[in-house]
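Shared chain: chain A. Partners: chain B in the first complex, chain C in the second.
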Partner chain A sequence: MTGISVEPSQKGKFTVLTVQGPINSYTFTELQEKAMNYAGKSDLAIDLSGVSTMTSAGIGVILAAIEDAEAAGKRIFIVQPSEVARLAIESTGFGDRFPTVATMKDLPA
Partner chain B sequence: MVAEVRLPGGTQAIGAYDKFLAGIPFLSDRERCTLTIAGDEVVDNLVTHGEVGQAGIHVRIRKTASCILFMALVESHASFREFAQRFKNGLLPGPRFNKHLGRWHGLGLTMCRNLCTRIVYRAGEYTDRVFLEFRTDPGSCTD
Partner chain C sequence: MGLTIFTYLSTAIIIIMAFRIRSRGRKRDVAIYRIAALCTAIYGGLQASGYLLAADYTDTALTLIRWAGAFASFSYLAFFRLSLTFPYGRKLAGVDVLLFVLAGLSAWRFAGTGDYLESVRRVLLEFIRFEGPRFKLYGMLSAGLGLVSAVILWIRALLIKSRVYRQQAFLMSAGIIASVLYGYMVSLYLPSGGATTIYPIGSLGGLLAVLAAAYAFSSTRLFHLPSLSKTLASQMAMIAVFGIPLALLAGILLQFRLSIPVVLVTLSIAAFLLLGRGADRFASKRFGTARNEEAREEIEADIAHLDLSLGREAVLASLSTILSERFGSLWFWMLSEDDAGGLVRVFPGEEESTVVGAGSPVLEPLTSLERQVILKTDVVADPAFAAHKAILLEFFDALGAEAIILAKEGRRIIGLFALGPKRSGADYSALDYDAFMAIQGKLFVVAYYVRHVARESLLATVEKEIGLADQIVRAVQETIDPIRYPGVDVSYICQSTRQLGGDLYDSVKISEHRWFFVVGDVSGKGLNAAMSMVILKSMIRTLLREEKDFVKLVSRTNAFIKEQLPRGTFFAGVFGFLALDKGSVYFINCGIPAVFFKSPGLDTVIEVQGEGKMLGFVRNLEPYLKTRKLALPAGSSLVITTDGIVEAENVRGERYGKERMVRILAENKGANANDTIDAIIKSATAFTDGKLEDDVTVLAINYSGRKGGTA
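Up next, the complex of A and B:
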């Protein structure tokens, strides 16, 4: 199976996690470790433009990161989700819980 | 229009399913995305919560002008029978967060319910089956 890659970088006040590849039961821990490392500690943007598939395991990680960020008063955004990531988020029935921006340029200052 | 594949058990199953989907010519992009999300969820759960036998998982996708049927067949397993019974009786709880494990549960089923027009889990003596039904994208079926 093709693996996942989660690369951290910095854009202004935001730590950006750029995710590439499939997010499922076998790969989500890579995202979980890095998301938990930054969520609630700094403003966080999760770039999902390169996500090829996404199961509930990935959705759960992102929801937990959103909750951690909100509890700590930090900002968190999903950036440019791929079509499959966007549909996965929408399919939860509570897509409005996922603050999303269309591109990296749309992140607030 | 029909496509079929036999997936291996274990960690290779989801990747093999995604590769199979990528090669089906009669799906629209949206149908492929929907089948990726819901199918990955089913295959993931069959592998993670049950025991996939030597025969692996047989997946069949059939598209008509009005609907797409996804079917997964796997060697029968007690945990599937129990799950199917609870599903049939409406006893499965909604999405919930397990603080001890740091994981959400029940999200996958919710996602499938919202993506599909019908879900059936049918436990059998030798074979268990999962059926998912989706609406066909208008204009995407030329049969």
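Up next, the complex of A and C:
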């Protein structure tokens, strides 16, 4: 089974988590641990351009990160979601709950 | 003019407040309060109107302002009457007659003579008031009556045993004192220094007394003083960093005629909406009010991490320690439902003893009241408990408890957690109540564990916590009302790939011909998802009993997920009602990936779920919900599945998808419901080489009409 990689980096005020690979019931804990580590503590961007699969487990992690960030008054953005990630987000019926930017350059200062 | 409008608005607020107070159980007190509030409102309205007309209609203005003075005195008479018997509202016929006589006397002297006011004029923006010879005397008598009422309330507060009534009396007393002080400042002291333009707002002091009394009536829980002071400090900080600068800016703009009032008010509202939330967040962070929520989450986490494998005694002992440390309770009891429907004490002590027998009258209010958390102070002071006050207080006293938390499943109480007095001697506060509400979902799991698992002798044969939790989940999943009806063949599968999962199926018989059903997937995996599913299933059953409106049922379920389940929890599924006598199904799609319909007339399988919104993303889902109706002709079938099948992937990363499922359904069109599900599972398992990675739930309904048999 293909694994997931979640690499943190810094871009301006944003901590960026770059996700590569599938986010499913076997791999979501890796994203969960890192997202929970940063969400609500600093501005966070989650780069989903390299996501090959995203199940409800991944949606749940991202929703929790968004809610943590909102509660703490921090900014959070989804960056360049891949087609499967975008479809998974839209399947919730609440795509607008996931603040999204097209590229890393579009992150606010 | 601005001040007059302000007074009219206040008058409207007072009238609204007067009628919003619930009177159940305290009718006399509330009736007297309403008289006081209405007299205050009339006082404000008459006074504002009088000063408004003082330029051109001096005679009318004089009459109105004299009557305003009379109504101010009526208001204080009413507050005085309220203070005499508060909070028990006893009948005092003699006193009432005396007060009516005094009111008549007051009306005569204020309005019928020149004692109080001789004339009134307005010249440009200045008001000129020609006071009568007894103006100050009458003012002092009214104010004195107010102060006497406040002192009586203060003394009564010290004598009342109930702390929540004591708090109410103190609040009311403080409101009346503030009202008197305000009246003195605005009606006497400031005008004597030349500030006569403020006469029209002299009545606003009444607003303070009315608001304080309204708040007192509605506060049925004790304030948590540290939190209250933090909130006040936070509000002060918000006013300092946001309110005062905004008001100064508005004042400067008006002073230099840079803006007209309407534009200014609009801009102020816009600024409040844009900046208010940020200012609130700034203030709450600085003064730590946000920490209350963190503390609640810590308690939730403590309970969620209880090790269920350790056995009932150890679990409840750990829970007792958590509650004792976090809430400062002297003791903790847990009662669990017995097989007859009564409640037995399961903690502390090794021997179970019956506390509430089956059929006990206290069970009726405990089950029928839509409360999961009940504080003793609520029962004493909240009108919602008035009808059951005596029996509930008797129950609290028998237990010696100050707070109870109920775990309900439908009309049954499966567990009751009772907390004794606090070590500090204080009562449980509003802050404690919020924390109890936050943890009641987690306590439900403990109650379920005690009721259904721990009582059975399975501990020795089952390995560790997953095994135990799995039993809870399976027990919950299997608790359904099977859909059995002539001419209808129903089958379902709800399986988890790794013992524990969040998939949910439930069906509940509503009437002879109707069933409610829900199919879906609670987000997350493993124990957390399973526990959320357990809680959600119980909550849906509870809401189903309370809520008759289908859309509101789903909306309230959404609100529960959003507010009570852990962050990031959501639910993708479908809620439905089967009207089998009419051959119809009504459903609300909440993000179920596939609902397939097979009609003999069409001879093909079509998707009918349409668009849907998942639960748990927004606070109010109601505007998004749509009920669909599907007619089920004889020979038709319906197959509903969660994402575990259609999103299953094989080793090449290909999805099973809806097309394969449609093909399987078409190939098995003559099969009964059970065989249809078998065919789907076999096909998906073969596609993934036996490695279905997600939980799977499938519901199949074959409808052959009313006469019986399967399709």
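By definition in this document, the second predicted complex is superposed on the first by the 109 of 109 C-alpha atoms of A that agree within 3 Å, B and C clash if a C-alpha of one lies under 4 Å from a C-alpha of the other, contacts with A are read in each partner's own complex, and residues count from 1 in each chain.
One rule holds in what follows: a residue touches a chain if its C-beta (ideal position, glycine included) is under 8 Å from a C-beta of that chain, and two chains touch if they have at least 3 such contacts.
Not measured: the values here are computed from a predicted model.
Using the contact criterion defined above for the overlaid structures, shared-chain residue A:Leu63 touches chain B and also reaches chain C.
Touch criterion met: A:Ser25 reaches chain B and chain C at once.
By the touch criterion stated above, A:Thr53 is placed in contact with chain B and with chain C alike. Once the two complexes are laid over each other on the shared chain, residue contacts for A:Leu87 go to chain B alone; chain C is not touched.
Applying the stated contact rule after C-alpha superposition, one finds that A:Gly73 touches chain C and leaves chain B untouched.
Once chain A of one complex is fitted onto chain A of the other, the partner contacts of A:Arg97 are limited to chain C, with no touch recorded for chain B. For the contact definition in use here, the residues of chain A common to its chain B contact set and its chain C contact set are 24-26, 52-53, 55-57, 59-60, 63-64, 91-93. Those residues of chain C whose C-beta lies close enough to touch chain A in the complex are 278, 281, 285, 293, 497-498, 521, 523-525, 566-570, 572, 591, 593, 611-614, 616-618, 624, 643, 647, 649, 653, 693-694. Remark: chain A residues 1-2, 22, 24-26, 32, 36, 52-57, 59-60, 63-64, 83-84, 87-88, 90-93 touch chain B in the complex. On the side of chain B, the complex with chain A involves touching residues 11-12, 14-15, 18, 29-30, 33-34, 36-37, 40-41, 44, 47-48, 95, 97, 102-104, 107-108, 110-112, 114-115.
Within the complex, the chain A residues that touch chain C are 24-26, 28, 52-53, 55-57, 59-65, 67-68, 71, 73, 91-94, 97.
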